[in-house]
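Each remark here refers to the structure printed beneath this line.
Labels for the chains are A, B, C and D, by order of writing; each one numbers its residues from 1.
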Amino acid sequence: MIQKVVGSLEEAVAGVFDGATVMIGGFGEAGSPIELIHALIDSGAKDLTVVSNNTGSGEVGLAALIANRRVRKMICSFPRTANSTVFPELYKKGEIELELVPQGTLAERIRAGGAGIPAFYTPASVNTPLAEGKEHRVFKGNTFVLEEGIRADFSLVKAHRADRFGNLVYNKTARNFGPIMCMAANTAIVQVKEVVEAGTLDPEQVVTPGIFVQRVVEIAHPAHESELVAAKRRYPW
Amino acid sequence: MIQKVVGSLEEAVAGVFDGATVMIGGFGEAGSPIELIHALIDSGAKDLTVVSNNTGSGEVGLAALIANRRVRKMICSFPRTANSTVFPELYKKGEIELELVPQGTLAERIRAGGAGIPAFYTPASVNTPLAEGKEHRVFKGNTFVLEEGIRADFSLVKAHRADRFGNLVYNKTARNFGPIMCMAANTAIVQVKEVVEAGTLDPEQVVTPGIFVQRVVEIAHPAHESELVAAKRRYPW
Amino acid sequence: MVDQAPKGWTMNEVAQKLALDIPDGSYVNLGIGIPELVADHVPEGRELIYHTENGLLGMGPVPSPGTEDPELINAGKKPVTALPGAAYFHHADSFAMIRGQHLDVCVLGALQISGKGDLANWSTGEPGAIPAVGGAMDLVAGVKHIYVISQHTTKTGEAKIVRECTYPLTGKGVVSRIYTNLAIIEVQPGGLYVLEMAPGVTKEYLQAQTDAPLVGFP
Amino acid sequence: MVDQAPKGWTMNEVAQKLALDIPDGSYVNLGIGIPELVADHVPEGRELIYHTENGLLGMGPVPSPGTEDPELINAGKKPVTALPGAAYFHHADSFAMIRGQHLDVCVLGALQISGKGDLANWSTGEPGAIPAVGGAMDLVAGVKHIYVISQHTTKTGEAKIVRECTYPLTGKGVVSRIYTNLAIIEVQPGGLYVLEMAPGVTKEYLQAQTDAPLVGFP
């Protein structure tokens, strides 16, 4: 019987190796899989390349992963947000790499990785510093830049509900990068508020079909990043 | 007030011009917008380039559009199905053009057209006659072929329910090409079984957001293509 | 002439004028900050649909205190609401809307705008600064009409409308119109055409506040 | 040796052997026709998830008469059912699963298979024939393991397992295993290795029915 639900956060993040590429879902705190990130910190994995839209807030979640020196390189669109001090400080000291990618290009590169598309052309960033050194090409009179798909060894994603097959539904704008990051990872690891019986999720309403998901862990009451940041919490506690 | 629902099939297909590129949804009869196709025949538009997975059955729907000599060129993956005689006969006589595209490449080209991606690389068709004359390129040791996005002037699509904003949900495997064809058309025209009040469709469950849809027409009791074919019906009746 | 500087319109008034120029039924993306003011001024009888690139069409106003949901936010990561007829979607679909030219209008702020419609609004290019681009480059490359809303000059009085942008570009030749406290300016192939000037603003004063040449006036 | 030709396995028996080689929990796409037999032989205790490229994961058996839904069909356009835990999706997402190497096994029929695993299964290349490819080229390019199930020779006794395909290719070097009425053959870098032969089939007989050289036997 197919059973993708695992019993613990430790099992969920097992096997993340040093040097792995890890995608981490979320747009700000919405959709950020904070418990999975903390479990990844506990696992000790280091030298990671992390793909995520932002770089976290305060000293919890993604910011804590960075603060604990587990991240060699960030691939993201917006590393500078409110209450984001950990990444900027390390970056200014030259202690972490940054690959800055326009948000839509980042999303499409992730989707391409998941869809078996090695590269595609996009108009975004043409004539800007972010397109420098990249191949340019004209289609029907307009100039586009070549961008490559990204795949990850692991993705950490937060969704709303899952069944044992790994079918997922999300909550509101916490959906953001979750579905495409599940597609693009060899091992997509998902925390959900609730695991439901097979057949509970309407097949018309499944957002991420289970084929894109390898492990599910139930975290019924996930922490709110903003509350932890406001309380100046720091992980490990 | 935004009101994409129109009152008649005639209004729905108004403006389809001679020489237009028209995408037509459906995989076999599932999702085939038969009433919209018949209205397109009635409109008189000709010299069309039609993008659709198949070429229709019997002498109704897409097959009738072809039989009525409105189609100059078909772009499709499988023009030869059970009860499909109209296209093969014209093709053998050299009276209709065919661009044969692998099904996944067809879907991705349509999605790319809708997503503003002018071209992408895919592994499908490499080393086959369908890749001849196309640009090849190696990424990470594997060979891929360059394929261009397709856009349409109009798409004809069948969905299940819509609201006045054009938000859509579909029915089972009749979803197939509908969502991507709505994305890829300047004017996406959709027939639905039921128009519902704004707010009735759960925002989590909308499959095609209304931004991709320009016109909606309610056809509460659409014909079943297979029944029409079995009864040897021919359009125009 | 600078010593009797006209104040021009308030940014609220500018937002109101910009809102008047967005046709009924448009799909609109509003940048973070001043652009958000536009939503407060949609004329009676018009219905606009707001897109936020983090995955929502049909974004509604700020929720009443106590009803905020940390999983229902806008691109500025602030709580919002969803109106009847809204839809959620993932990031690749959201930017397919943008890149695929399905959005009608995007209103953005600016650091610099050139006379040819080049826009710089993401980085001052200072060494050591943390670069952050977000969705700005995708928006200017994909949305049909890019409107800039901004003070006419910087806080220290330097021109924002320049001959050539000195900051790194967000996009080249992308801006359609510029709405400032002093004037509404259209970017045309021949140059910058002034459509309207704020009360008390003269051609000479406006040009003095503008580095790029203004080639037409109302 | 041909005059005492062994019949070999029935295609049902071949399908049963193939089904045994698909691990528990696999995502599987079955081609139209003989490949569909595989679904009838999944060993007790294993759970496979069937994908049909027209937009369904979790495809179930043929519906009972009278319960067919013309909008719930498989890639062969025949009525099917959806099991608990199924999901519907659009064509681009469906082929993202295929191209993105998310499917474990695809079972296909063949016109010809070469000794290097080249597959021809969509066209005999006859002039005047209506070409039709469907999803076959995407499947062979994207699915992790391509298994062919087929009669060992054509109806007229010609070899299907050939040195070089003469029909237009579906894909080059894509086939992992060949399951026929006479043998189970693995395509390895060094050539075709026979894993198992049907009762009564000798090495000599099998090679005589096979144009490509068989380089290893059980």
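Heads up, the rule we're going with is that a contact is a pair of C-beta atoms (placed from the backbone, for glycine too) under 8 Å apart; a residue touches a chain by one contact, two chains touch by 3 or more.
In this text the structure is predicted, and so the values were computed from the model without any measurement.
Steps from subunit A to subunit B, minimised over paths through touching chains, total 1. Both subunit A and subunit D are touched by B. Here A-C and B-C are compared, and the pair linked by more C-beta contacts is A-C.
Subunit C and subunit D have Cα centroids separated by 56 Å.
Rounded to a whole number, the gap between the C-alpha centres of subunit B and subunit D is 29 angstrom. Between the CA-based centres of subunit B and subunit C the separation comes to 36 Å, rounded to the whole angstrom. For subunit D, the set of residues that touch two or more other chains comprises 56, 82, 88-89, 92, 95, 98-99, 142.
For subunit B, residues touching at least two other chains, in rising order: 108, 111, 115-117, 122-123, 170-172, 203-204, 207. If each chain is drawn as a node and touching chains are joined, the picture fits none of the line, ring, star or complete shapes.
You'll find the chains touch as A-B, A-C, A-D, B-C, B-D. Every residue of subunit A that touches subunit B in the complex is listed here, in rising order: 108, 112, 115-123, 137, 139-140, 142, 144, 148, 169-172, 203-205, 207. Subunit D meets subunit B in the complex at residues 52-56, 69-73, 77, 82, 88-92, 94-95, 98-99, 118, 128, 130-138, 141-142, 168-172. Contacts from subunit A toward subunit D in the complex involve residues 1-2, 111, 113-117, 163-165, 167, 183, 198-199, 201, 203-204, 206, 209-212.
Those residues of subunit D that touch subunit A in the complex are listed here as 24-25, 27, 47, 49, 51, 56-58, 82, 84-89, 92-93, 95-103, 142.
Listed in rising order, the residues of subunit B touching subunit D in the complex are 27-31, 53, 77-82, 87-88, 91-92, 98, 100-108, 110-111, 122-130, 170-180, 207, 224-226.
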